[in-house]
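Sharing a structure here in structure tokens format.
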């Protein structure tokens, strides 16, 4: 057993991290909020050139993928990266970044589709498989005020007609999608801790950095802890999916998504709190981490959804 | 509206408080843990002489009663005070303190009866009424290790036969019993805060009183806050029961019990935490507050039970 | 203890209720959140109506034109206006509840005569210039500098969180007049006319994307010494006197809205088929219970204020518990909303947007008007007598 | 990253499993909790069996008689012994996992030769004399005083939390040898033979009513200078070296038991007819998930230790998360138990007592071995680089 990043995994992590920091500075991402198109299509192609969309098609395993997606989450890189990645090699242009593939999910409340405005293709999981829909075939109503301006959303009205069946193992796609979304969430949580920690070291009140106050220190320690526990779960689930662990795959993936969602939601809100008044201003990025956490938590199943799934997987011993 | 203690209520509070402090010092209460009989029957009669059992029979209202029972809870006075009080005037000797009346409750797990060893009478609520049982009529199995040594318990096996019907309004008794248990719980919460606060001021670590550390201060502030909110709910429910408020009585009483249970459970556990290692020793009283909180929370309905009741009372508007 | 209203209180309620029923049909439709001129018109129009009916400055002393109502009557006023869906205090907030009360206690007779009627009549809108980018929780660290030049102060510096600054007539301004003494000691309280030259106001967007606050930059703004309230360097004490005006009613409207939001959420759960989920029931039932308890606490704080004139740290107890509850309510809501939580607008025919915005509101509540951390310090130090923070001596 | 065990690790597991199957039938029944002589017999008996089979001091270097196992093999050892329901380390804990490792690194050759074999063979039981009533979280404030008198130290003072003191042979004792220097600088580490005159041991009851710890009073106890490990006044560093021996396995047995307790609770809920309650399901499901995640974190910490030799502050991360989880598990359990929560013994035919005792255990876990508050400080300061506590300068 060696549950530590290999040198290759470490290299990949550093490569993606410097790509994200160089090409997706938070200031630039935030500027796109004011535009119709939060995805910069040139940059989208650069993501493809980095091999992110085709990563697993190119032979990398899920462990490499979670390491990469964590970095994308950490940098709040916008766009339906997971759905596009899942369909690489299955939908034209997904690997190359000429397609923007978004995921259609329906729950008890409604069908809310993100990134519909820039999507070229829509992925939907159906009973026993997955299919590709044309965005033009959907009855879309734009939402003026999305929660996360970097995750613009549309309401889908009426019945959705069947699309074209996508080859490939839909269950495996769904598991990988859940896992990679969890990896993004761990990145969001980690980004929130880093931002709040830097602020706590620099911001002074009552003659000292606020990070010298135990109350602030302890909030940051809790954020860090939840993030690191969730990261462990995500890495473990990646091992399970790669066959590099004996654990049950379904269970490991639910654990990962649940823990990562919780860590990101907690980290997002606590990061705002640590920033004090500045935390709820538009100009400070703290709120963007929380908003992304909410958006990604509601993708591939919320914390509550996966808690129920976990319970179903507990081996309740018949009464002896 | 004047939701503040009247002079009479204040006098009663002070009277009971000095009685409890004078006659039930915590050290002496703790010594009785080592004996078979946690209730000192002489002191039990003194409680009667103070008028606690006959308080409402003597014409005092529920507001006076909650003020008194809060003080009894604060001092961890042992024994089934509420059940004895409820049956004053209905069961012989209850008013005078020559009877010890305990309450029989059954839940999904089992029937666990406290104070059976010293009880002279058992009160049970049944469909549409209340009845008196003879302790001798029950099949009792002693429990060696109760959670709260000052609340010794017995398991009741087999079916319980019917007892003698008790006159009086069983619903009103049950409501009053729930309210007065809530009042005791507020007292338990308040006692836990006081003990932990005193310790935090006196105990030094790292060259300062531990109460100077923000982490400790904030724990105590949370304890105090939950206690004060719960106290407000208990007083409001007493007003409702006395007809001195427009609020729904059932709802107000559930709110009181729920909030008081939560405050005492939180205060009990947090008080232990504030005491550090000493908190889980037998000799320090911190743990006794938590144990009493657990015992009283499981009497007249737990926090969970009353949360469900509250939900049932929410006016869920029919879908418009 | 008695939670029943006296006959006089009931009469006050009935009179107010009838008046509200009679006038509310004449109140125009509420303008959109970003149309500031229209909002000023709307808010001050409502204030004029209140003034004419004798409800303006409900908690102000009669001698200054207020109604001199008791804290309980103030509570009734807030309950009834909320229930009738009357307009909120809106941008009259600072004048009526903060600057005005300070003037009542601390200003000279001339200042009172000049400024108080405008507030009551809805002629003048006030804003607050207290916080600064470097002085938030630690307000006394403020650095906006005022230098005396004859019968004027020349003020330069930056203020933040100045709501309604671009439509306000006056600003209650805290400035530093002495940097050589302990920070609380060198502060002065000034009335700043907002048409003074040298003021630059920049809108400050909040996380909802709304412009609710502003930053105010002052560049050698000249303020007559006559506009000083209280003595030079005594402004900290002057600013703190407003606290003695707070009678426990600060969060009443907000609480009533939260109760409504909680009932809405139960209804919402029911319509989603989630009301049979016992976990959802317990979560919502428990929040509903806590709201009832906080309502009781509010009445206790108001009764305390009636008796003693002050709420004391009971306000911090309320704020702490209420804030925590708003966080939990928001989290329960967002979990129920699932994908609808991605939108601040309603999705479908249910008011999902209210719950998403409510969640954001909760995030702000634990920061605005004294962070959760500050409230806990107040409770620990003032109510429990725990030692104050040690002074900072570097590492 | 690879969670699969190597062939060598699997082989180790199989060998161990066969050995456990072969010997466990010979292990006598576990004595009651308060029969200390019998418990010593039981614990040391098991240690002797381990020693003879080559499993004693599993993580100790081979040159000192240990097995020199990797952290992963140590993990496997703990998993297998737990799964086979083999005895725990019991009162060999201090010798095997604390005092022994310290001696390995810091003691003289003579001291090692004299003391290490007794620990491995189960001949000697050790206890720990570190904490004092006035020195808990702030251990370095300890005041138990040692005065040099020729070739002896004369020690007087009081120690607390000294588990197994009344049946131990030796005690790893921290004493103050210099009161005039910064508190960490004047501490010395001594081997105290427990049969020395002047030792008074008083049992310390815990909140369960059990006697698990003791207080130890030392009255002019004479300890040869030869029993000193490390230099005089260098004892703080010596005591801290044990941390470098911790390879992330400290809570493995405990975690496995908690997983069992969580499954038990689900079963319990099912038998009570409460498993259809979605709230209960989510609560338990979430705790089960967090246990899986903590199990993964444990493996990460162990892998880090394998690579670097140290766990670092990752141990604090684990402790904090695990403690919080134990609190929540305990609270879910007690709510389900309802009236059965009034008893530490089982009520009826379900093991309700385990859950009540488990709840109490959670209360201790957030205090013992570094309180939650101390862990958060460690994480904030060491992992996030936040400033240390300011020094205390009175009010």
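Here the chain labels run A, B, C and D in written order, and each chain numbers its own residues starting at 1.
Note that a contact is a pair of C-beta atoms (placed from the backbone, for glycine too) under 8 Å apart; a residue touches a chain by one contact, two chains touch by 3 or more.
This one's a predicted model, so the numbers in the text were calculated from it and none came from an experiment.
Common partners of chain B and chain D, by the touch rule above, are A, C.
Centroid analysis (C-alpha atoms only) places C farthest from chain D. Comparing chain pairs B-C and A-C, the larger number of C-beta contacts belongs to B-C. Chain A and chain D have Cα centroids separated by 39 Å.
Each chain gets one centre point, the mean of its Cα atoms, and the points for chain A and chain C are 37 Å apart. Taking the mean of the C-alpha atoms as each chain's centre, chain C and chain D sit 52 Å apart. Residues of chain C in contact with at least two other chains: 278, 281-283, 373, 376, 387-392.
For chain A, the set of residues that touch two or more other chains comprises 208, 212-216, 218, 303-304. If the chains shown are joined wherever they touch, the resulting network links each chain directly to all the rest.
In the complex of the two chains, the chain A residues touching chain C come out as 105-112, 114, 143-149, 151, 153, 155, 204-208, 212-213, 215-216, 265, 269, 272-273, 276-277, 279-283, 287, 290-291, 294-295, 298, 302-305.
Only residues 213-215, 218 of chain A touch chain B when the two sit together in their complex.
Of all residues in chain A, only 1-6, 9, 63, 193, 197, 200-201, 208-209, 211-212, 214, 216-218, 220-222, 224-226, 228-230, 232-233, 235-236, 238-240, 244-247, 251-252, 254-256, 258-259, 303-304, 306-312, 314-317, 319 touch chain D in the complex they form. Chain D makes touch with chain C in their complex at residues 277-283, 387-388, 390-395. Contact residues on chain D toward chain B in their complex (touch as defined above): 131, 134, 136-138, 141, 160-161, 204-209, 272-274, 327, 331, 334-335, 337-345, 347-348, 350, 352-353, 356, 360, 363-364, 366-368, 371-373, 376, 389, 391-392.
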